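Take this structure, written in structure tokens, and hold onto it; I'll ask about it next.
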Amino acid sequence: MKRIGILTSGGDAAGMNAAVRAIARSAMNAGLEAYGINYGYKGLVEGNIFKMESTKLDEIVNRGGTILYSARYPEFAEKETQLKGIEVLNKFGIEALVVIGGDGSYHGAEKLTMHGFNSIGVPGTIDNDIPGTDFTIGFDTAANVATEALDRINDTATSHQRVFVVEVMGRGAGDIALWSGIAAAADAIVIPEREYDIEAIANKLTENRKNGKDHGLIVVAEGVMTAAEFKEKLDQYGDFDSRAVTLAHVQRGGVPTTKDRVLAARLGDYAIQLLLEGKGGLAIGIHDNKLVATDIIDTLENHKHQTDVSLLDLNDRIRF
Amino acid sequence: MKRIGILTSGGDAAGMNAAVRAIARSAMNAGLEAYGINYGYKGLVEGNIFKMESTKLDEIVNRGGTILYSARYPEFAEKETQLKGIEVLNKFGIEALVVIGGDGSYHGAEKLTMHGFNSIGVPGTIDNDIPGTDFTIGFDTAANVATEALDRINDTATSHQRVFVVEVMGRGAGDIALWSGIAAAADAIVIPEREYDIEAIANKLTENRKNGKDHGLIVVAEGVMTAAEFKEKLDQYGDFDSRAVTLAHVQRGGVPTTKDRVLAARLGDYAIQLLLEGKGGLAIGIHDNKLVATDIIDTLENHKHQTDVSLLDLNDRIRF
Amino acid sequence: MKRIGILTSGGDAAGMNAAVRAIARSAMNAGLEAYGINYGYKGLVEGNIFKMESTKLDEIVNRGGTILYSARYPEFAEKETQLKGIEVLNKFGIEALVVIGGDGSYHGAEKLTMHGFNSIGVPGTIDNDIPGTDFTIGFDTAANVATEALDRINDTATSHQRVFVVEVMGRGAGDIALWSGIAAAADAIVIPEREYDIEAIANKLTENRKNGKDHGLIVVAEGVMTAAEFKEKLDQYGDFDSRAVTLAHVQRGGVPTTKDRVLAARLGDYAIQLLLEGKGGLAIGIHDNKLVATDIIDTLENHKHQTDVSLLDLNDRIRF
Amino acid sequence: MKRIGILTSGGDAAGMNAAVRAIARSAMNAGLEAYGINYGYKGLVEGNIFKMESTKLDEIVNRGGTILYSARYPEFAEKETQLKGIEVLNKFGIEALVVIGGDGSYHGAEKLTMHGFNSIGVPGTIDNDIPGTDFTIGFDTAANVATEALDRINDTATSHQRVFVVEVMGRGAGDIALWSGIAAAADAIVIPEREYDIEAIANKLTENRKNGKDHGLIVVAEGVMTAAEFKEKLDQYGDFDSRAVTLAHVQRGGVPTTKDRVLAARLGDYAIQLLLEGKGGLAIGIHDNKLVATDIIDTLENHKHQTDVSLLDLNDRIRF
């Protein structure tokens, strides 16, 4: 093997650039050439590909977003387009592809693998919802951004005796809601993985007011409903002087945390080590604190991310 | 004079606690007693008042929100209630009142002054929209929070070649929009102080795309319209793959910046120095980098905050 | 069991307060009373003990330091003093003790357990050097503070083509150095767990300069030597326009990260669950992402923290 | 005028890149060409000069350090070298030079002006010690970094009842010490502009301990002495369980604050507006909140930065 390609796809996540650096560097230091592919699968098919240079890589380690850009490209669901992509990769002499991204990005890598082109998926998404790994690159940063926002909102909630309903990202997984909610002492956390009981939540808030906590914080994962919708439902059970806030895209970019950068370094290097051993067609990740690689087809077809729902019970035990 | 009272009122702003500390300490160190009044004018009328202790004050200097709480209290617009408030103050032996807050809070202090009770208004609000001062306590922190959020959003905008419309706080003043917009290299800033031309903004974005900048950032002050409304209008002029984001309450709380804390220290101490000189009935502030005190009645009746609209022209000269 | 006691001891670490809250709340919500012990073992022996109230606990979740304070107290190494402590605990009707702290703090808990008083050790220290857990409360925050400092220093190193030698905390463990060093793209990381070769490091820096990276970053754990000492040695091998910086105490306090707060919540609650099950005399922690409890005497006598030294090899593969 | 040159010189400061962007953009949008000069005056003399492109400028607005680099170059004190520099500028067709930097950098611009080459000095240094301006680009960021560090240290000081002596940057000016010291509730601030009385400081700390504040914070500007030296002196007056910390280079780089970026935008654009009006040989700055331009020769020869020493008296009135 002489050349590997790298692309990022799907929603950007903090730490993607640290992963790009680790993949490229680990490849270069092992004697390979690393090619960057701009704009995800779209750039792949269009041949928007360049040879990466080592000198510029260290300075991207702390930058949000992705220097390789991302782009929507539904056309890549078609076999013809996938084969076109492999043709382009062959033309550039690229023998293996490392894809950083979420669910959709993995499916691209899966298809390329099915057509015989060696691809490895590196989990990069803020939602933490990819099978084959306990944590994705970008989740820790997103959770910290959400927590910091909740801290700020707690200041206002306390000052004004209000209840805030805050919607955090997480379409299919409640991980950001759980981690930031626990970290910010939320009174209730609402996630897609478990039924919520709005009457019980409202009763708890009313009871809290009697017992000396006259403000509240409810964290809702976007996959359940919007903050505005939840607030409207809640208001039917009492006058909580409630406010709805949607954190939205601020959770996505920004300077990655140490944990996300170290995870990016470990996974990025691991992808290259596997390729050097002749392996491929893998989804890689971290499980029980150890690097793991699983068959990308089996992982995507037969497994699902398991949110640690016990954190919800934990929150019930430590809240006011 | 033996005793002064302190209250916070209106929306909380980062740095209010640093102001509370400076007022209380400056009073204590000059031999006065400082009384904290909880829940703004409501607590004043209800006698929710306590003697402050020096030992606990240093640790609030970096905390968001207000330890004296705030509360809505429209009843204070009535003369009867105002006189009731003065009665309570007299009962506690409080001879002068320092009020930290925004426009509405100032009006309370104005009324008390009109009824003969010495009051001083300290400008504390994130919107920077109070007459009699160039800068309010809380504005610098809010602007920094907004800028950091815009930085994050720029990462995503760049990665995905999108246009983001971001709504920042500022009901009557465009200051947060202007400062954060310039700081984050916005392509357009929309403020209540000046007519906007949405067609011109759309054309600029289209032109940018031709000239090599394929993403964009538009900062809209909430006083103009919501981000969603602006996005909808914008989309009529082209396909910008646009997104609307509302920063909302995250701009309010949080750890205050150095500038807000130093401003709070200066203004808080200045209020006490003026009271010690026998002065009162004043709105205080900072103008051209100097502490200033103006008649609170005249200031509120005859003056308006002047946003530095030249910053909009500046942004036009330095944007892409 | 009716009453549990909580104390913090040793160097403060971000997240200790979140652990105090979780322990106290989990106890209260299970029907127990929680007593706070001020100033560590000193306060224990002196009876500086108070009943904790639920209402004030949520607001400490994001505060650095420890609201229970800490104090040096070498006297607690003596059996007599330990028995005096148990006497005091009995007097207060406290039946079990949860100690948050580092190595020294654990030894106190071990001794109390040996004398028959049920104690549980919760790992709280920035150094990540406690046996029985993969991660300690405070480590993630400290690593992030160090990384942010290294990011800043990289800006200056790049602008001025300098080599910076930065000393981070970690007397017996290189974990902060490893994590922050990888995160900040260090050219070399020097830790107590492995011999360093200063000539090799100097040669690498010289070689880097030839290959296009004209600045450098070396992260040194304090357990190896000071930054100033390392710089002096390094300068004997070439003119690197080097600077020595010691991050020192800034790594200790501050707002805890989400990860540290969630870890504090999990471990704090776990301590109470174990006590409710009638267990005690335990060191608790997180291992391979799962909560674990081990005999505190065996853990302290027979085990040592294992730094993941493979991170050093990883850094060698991904650096310039 | 067709072409202007931009260089940064002296110690890097956060916001320098925002200034580079504003200067270049304002020039480009006015129809001029902007040339970047790498490595300060060294690069100028060596002809390390390139035409800047508009597309890459927006993304540097939030980056610390300087993309134009800096370098020591004592040779530029010699007339011969200065004339060589002008020769190079003429060769590149550059008709005016904008220099961002501190005292030393201004002297270079002064000399070029004396030799007839139109130069403008933009104040960029963290120390806030340049005549002709109330605030320099980089000061607000450095003060905020210092304040955040002091906040962290306060957590530890409070937890352990210690006194911390913290050395902040500021060789000739106490501005960082004053602003961060007031912001972090320091018990004493020691600056080069005023004599300090160590006995009085020690007595105050001892008295504080009696009155209920058992920890302390002393901020020392590096221009007075090192933290270690101050601690040693202090320890002669009592047992304060004191610690010395030097913040050092972390104050320099990092993401610039909103205030520093807006100041950079205003000053950068102002430099170009002046050049377009045919003016030059100027030091520009902000005074009493307004942009000002003064003769660079007169400013450097006859004026000195005036630290607002009244802040020291303010701190004495609001401290414990």
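For reference, chains read A, B, C and D in written order, and residue numbers begin at 1 within each chain.
Just so it is clear, a contact is a pair of C-beta atoms (placed from the backbone, for glycine too) under 8 Å apart; a residue touches a chain by one contact, two chains touch by 3 or more.
Everything numeric in this text was worked out from a predicted model, so none of it was measured.
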Inset, instruction - Could you run down the chains that neighbour chain A and chain C together? - result: none
Inset, instruction - With chain centres taken as the means of their Cα atoms, state the distance from chain B to chain C in Å. - result: 39
Inset, instruction - List the centre-to-centre spacing of chain B and chain D in whole Å, with centres computed as mean CA coordinates. - result: 28
Legend entry - Centroid distance [mean C-alpha coordinates] between chain D and chain C, Å: 35
Inset, instruction - At least two other chains touched by the same residue of chain D: list those residues. - result: 148, 151, 154, 158, 255
Inset, instruction - If you connect every pair of chains that touch, what shape comes out? Choose line, ring, star, complete or other. - result: ring
Inset, instruction - Please list, in label order, each pair of chains that touches. - result: A-B, A-C, B-D, C-D
Legend entry - Partner chain B, residues of chain D touching it in the complex: 18, 21-22, 25-26, 29-30, 54-55, 57-59, 61-62, 134, 140, 143-144, 146-148, 151, 154, 158, 179-180, 182-185, 211-213, 255, 257-259, 261-262, 265-266, 268-269, 287-290, 311, 314-315, 317-320
Inset, instruction - Give every residue of chain C touching chain D within the complex, in rising order. - result: 8, 11-12, 14, 63-66, 69-71, 145, 148-149, 151-156, 158-161, 164, 243, 245-254
